[in-house]
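The following pair of complexes shares a single chain, chain A, combined with chain B in the former and chain C in the latter.
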Partner chain A sequence: MILRNRRNEYITAAVLMAPFIIIYGLLFLYPTVKMVQLSFTDAPLIGDGNFVGFDNFVRLWKDRLFASSIWNTLYFVVLSVFPSTVLALFIAMGVNRLKGWVQSIVLACFFLPYILPVSVVYNIWGWILDKDFGVAQYVIAPLTGGQHINVFRTLPLFMPAAAFLTVWWLIGFNMLLFIAGLRNISTEIYEAASLDGAGRWTQFSQITWPLIWPVTVLVLTIQLILQLKIFDQVYLFSRGGRVDATATMVQYIYKQAFTANHGGLAAAASLVLFLVIVIFSVLQFQILRVRGADR
Partner chain B sequence: MIKGMLKLALAATALLTISAVTVAQAKDTIVWWDFLGGGDGVRMKSLIDEFNKEHADTVEIQATTLDWGTPFYTKVQTSAAVGQGPDIMTYHESRIPLGISTGSLSEITPAELAASGIKSSDFEPANWKQAQGADGKQYAVPLDIHSIILYYNKTLLKNAGLLGDDGKPKGLDGVANWDAALAKLTANGVVGLSVPTADGATMWRIFYTLLNQQDGVFLSKDGKFLDGDNLDKATTAMTEMNKWVKSGWTPANTEYPASIALFTSGKAAFHINGVWEVPTMVDLQKKGSLFDWGAIQIPTLYAHPATWADSHSFAIPNRQGNPVDPAKRKLVLDTVHWFNEHSLAWAGGGHLPAFAPVRSSDDFKNLKPNADYASLAATAVFDPVSTLAGVASPVYDAAGNYIMPAMNGDLAPADAASQMRDDLQGQVK
Partner chain C sequence: MTVASNTASSDVVSARRYRRVKTLDIVGRIATIVTVIAAIFWAFPLYWGIITSLKPEPDVVKAGFEIWPEHFTFDAYTYALFGTNIGIWYINSLITSLATTVIVVLMAAGAGYAISQLEFPGRRILWWMILACFMVPIQALIVNHFILFSQFHLINTLTAVVGPQLLAPVTVIIYKQFFDSVPKELREASVVDGASHFQTLFRIYLPMNWGITTALAIITFIGAWNNFLWPFLAVTEENKMNITVGITQVFDAFGVKYARTLATAILAGLPVAVLYLIFQRRVTQAIMLSAGIKG
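On to the complex of A and B.
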């Protein structure tokens, strides 16, 4: 009897999961396998190529542009992931103190940029920072002795500026996650703590921080994976400029696949990016979890 | 009686249905893809409407506009590979070598051209040849020649004594004269020249113009970039461009829209940009918010006149396993010929019609400002014939990577030239 029930359960489970498994296999697993195959050929963007062994990977290893694209990507990750997490926590703690409709309005204001498409973000900041007509130049000019600066054509400023507006754009989502986490902390804990004479800082370091840690790990991991795949903003702002100097990994893949028509090489680069993301996110998640468990 | 009426009604309905079906069958459709946005898009749409109206009973063009540049060409390539896509598409001539190498383009035979009345003698030889493969086969028919031109503010030039009696600038030829003119015009908060100095594509167009005015060869026949003394000529061109910025005659790192705004607000006496910005000026003047302006061919700074040019052309995609059938091809080429015959309307976008009979017509000669710079067609130089060249290509990328920083003073011109050569040479398979 139990056996039969179990078999029925298996059948039901299989029927319920089949659509997902089929679509997942067709649209994700199959292309992934093909991409791995492609990375060992000299195929163009469309059509088949000859098997060339590890040639593509050797070429990537020797390619200065690929090396600099990895460096640029990591630089961008450092500049965007940590600030967007820390700032989001601060804003969330601030918003959490507000009450009623004031809280809703402030929350909406911080969240608003997140719903914008990247093209709109690009245009907004393009005009704000424009060298000749941008309002930001009123802030920049006194700092440089009257000189206007084209931020996205000044190499040392490119990545910091791209990271800054990415933080501005995406911080709303992180903030929401933190607010959800903060609301899960019972107020009774804080009340008990203040009765025991704990100050603001002690409350934060002994209660809020440890209890919000799992959310922090989540936010950091989501941000890390997202920003390792950075493309849109950097592509848009570097268009027509020194694209090679600021190219990120996905941009390198895009260039090889769509501009240079090197499908095989682009697939190999994609595979490397995939491995980088897997390694970094597993590493980060493990390290952060271990740290969390210690507490 | 009622039965009879019913029969009649049925018969009439049947007859109507049949005739409707036959009409629908008789009317051919042409699936059309282009990448024309902005004013060009509006102009092309009205031309297509005119075509559809004129051929209301026989042909209908079903047009789709896609994103310009890499997205367009990627879509063409992928759709052709799986036997999908349009019957006709717009194509940059500079992009044809890459189109041939990826198998996206279908050859148009001399017999087909002749059958639709398309003659090579109706086009500038360089313009016609640019639509051919290395084997001399024709892959496209040009619609226009578009280039960069020199826009000028008549009031500012007049005050500086640089305007001739014919309303055109005078004494700009030769590096010394040109530099002197820029220096003279740079005064009282006005700069001599605005160009989109933050835009690699514009850098390429100016650089290629100056290189060819010195007889420089960007890519030699045996596949070498900036070979021999061409490297020095490239350095000379970039040094000159850098001088405009260094001397304060041209603002550095200016974005594309801002460079136009500098000119249209009277803060720059000259502006170098594509002919496609002519409608911007025309529209502003119509609204009464622009000064008296004009546009001429880029002055000859070196040995002889030459101007970078590209061409919007029409091509038939090479749809794998599902080719455009011969009858449709004939129809498509007839349509191409119709558009060339009607390309005066297209010239409203600043372009020069590729079709010589239109360009030599009185109507065109009265079309200002196009007629003032139409002379550039005879000495136009098209992009190098290479899979690495053309719009949105590695060469355009290289312009952003090397020529742009050289002009803006972030990279020494000689270094920029040799680095650009090595980079592009390294990309040759």
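On to the complex of A and C.
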């Protein structure tokens, strides 16, 4: 009896796990192994190549475009991750104070952009920042003495602008996590503090900040991992401009693989990105585990 | 005398506290006003995009800042719907997003149930594989996904678009966590009643976690609809494109028409925006769950 149940259980498990195992084997394990293999060859995108040892990695090391793509990625990360985290905390505190339908509407205003596809964000901001007719030029013109600026064709403005609209786009996610964190802090702590005469700043620095810190770390790592993989916005806005000057790591991979037809080199660059992100993900996993153990 | 002075001093204290409450209120009100202004600023780009799409093309490029259009027209929408490929792109997006959602949810529920409830060899290894996949950036695999799908001659098919999007380890992790918390007695009772594991899964575990299934399905659909990078790489034929790719890749031969561009963008974002507005609570829940916060 027990034996039959065991067998039954194995068969059920096999059937339930089969689709998962097939899909993950084919689309995750196999491509990962292949990527490592490919990174040591001089193969084009489609077709075979010869084993070249660490040549691709040496080439990456010497390639100024790869270096600048790392630099651009990090620059974008700094410009987007920190503002979107800090701003989201303040917005969450503001939204948390509101009540009823006002809160719902304000929340939706901040959150709605997050739900939209990048193409919509691209078209809307492309129109707002348009050189000839964009409404943002009314803000830009007084600053430049009446001159219109093509923001995404002005190199020093490119990354800050891309980061700015990314913050606009994705802040809803961070805000949600912060609101959840703020609601976990019991109001009794604040009441007790205000009875003791603690002012607003004291309450923030002594209660809110220490208790929200774990959420802040979580938001920072999630955003960091997400923005290291930046491609969509930067690619879309740089089209037709000086693409190489603003290219990020995923764009570099894209270019080597699909434009230059250097499959091996692209795989090597992918492997570098892969390892960088895995390191940060392990960090994030540890944070989640620690948070889990707290409860 | 002592009593009187005591009363007096407590009066002073309460007066001071009263004043503090009043000043607090002013700070609070400023915070509220700032939040509401920020919310208006956040919503403005969407508002501006929508009203521009409703203006006649000559009014769009008219000088001056017009917060409410003088003339309304659906011309841009009629053009987008009947003059472009948007209909095909919509259907492509719908098919690929629905297929992704159904497969991901079924596969994740099955795998989650097996890992949570069944004993079988390799269970731990599979669980670690899921956690590993959670940490791996899918973007790093684009090159090898492309090679894989071109080996199967699937580039420029909807199958290729769906493929890599089926990697959704977070969904499995969430299902496992929720199935873990279903009381064991329920399963034992159902096994005693002679139900198979499949019946137990579909009649007890899934219905009990119906809310989670809805939440995960909605967020998976939104994610698939919004996905850009992979659909952009996998498809270059205009009539196989997703809407998010199509509206950024295909341009009007007659130069820039702002209202039309924005109308197509708004049509592209509409389904996910409507989904969010209807299922706000579920969307929020799913997002927090995938970030590792129980919502």
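We take it that the second predicted complex is superposed on the first by the 253 of 295 C-alpha atoms of A that agree within 3 Å, B and C clash if a C-alpha of one lies under 4 Å from a C-alpha of the other, contacts with A are read in each partner's own complex, and residues count from 1 in each chain.
We adopt the following convention: contacts are C-beta pairs under 8 Å (C-beta built on N, C-alpha and C of every residue); 3 or more make two chains touch, one makes a residue touch a chain.
A quick note: this is a predicted structure, and the numbers were derived from the prediction, not measured.
Applying the stated contact rule after C-alpha superposition, one finds that A:229 touches chain C and leaves chain B untouched.
By the touch criterion defined above, A:258 lies against chain B and chain C together after alignment on the C-alpha atoms of chain A. More residues of chain A lie in touch with C than with the remaining chain of the pair chain B and chain C. Once the two complexes are overlaid on the shared chain, A:55 sits clear of chain B and of chain C alike. In the superposition on chain A, contact of A:150 is made with chain B only, not with chain C. Contacts of A:133 after superposition: both chain B and chain C are touched.
Contacts of A:177 after superposition on the shared chain: chain C is touched, whereas chain B is not.
In the superposition on chain A, A:242 makes contact with chain B only, while chain C stays out of contact range. Of the two partner chains, chain B and chain C are each touched by A:45.
Look at A:12: by the touch rule set out above, it reaches chain C but stays clear of chain B. In the superposition on the C-alpha atoms of chain A, the part of chain A touched by chain B in one complex and by chain C in the other spans residues 45-46, 126, 130, 132-133, 258. Looking at the complex, you find that chain B touches chain A at residues 70, 74, 77-78, 81, 98, 101-103, 198-201, 251-256, 258, 261-262, 387, 392-394, 397, 400-401, 404-405, 408, 410, 423, 427. Interface residues of chain A facing chain C in the complex, by the touch rule stated above, are 6, 8-10, 12-17, 19-21, 23-24, 26-32, 34-35, 38, 45-46, 91, 93-95, 97-98, 102, 105-106, 108-113, 115-120, 122-128, 130, 132-133, 135, 138, 168, 171, 173, 176-177, 180-181, 194, 197, 199-200, 215, 218, 222, 225, 228-229, 231-232, 236, 250, 253-254, 257-258, 263, 266-267, 270-271, 273-274, 277-278, 281-282, 284-285, 288, 291-292. Taken together, the chain C residues at the contact with chain A in this complex read 17, 20, 24, 27-28, 31-32, 34-36, 38-40, 42-43, 45-46, 48-49, 52, 60-61, 65, 103, 106-108, 110-111, 113-115, 118-121, 123, 126, 129-131, 133-137, 139-148, 150, 163-164, 166-167, 172, 196-198, 201, 222, 225-226, 228-229, 233, 243-245, 247-248, 258, 261-262, 264-266, 268-269, 272-273, 275-277, 280, 283-284, 287-288, 291-293, 295.
Across the complex, chain A meets chain B through its residues 44-47, 126, 130-133, 149-150, 152-155, 240-245, 255, 258-261.
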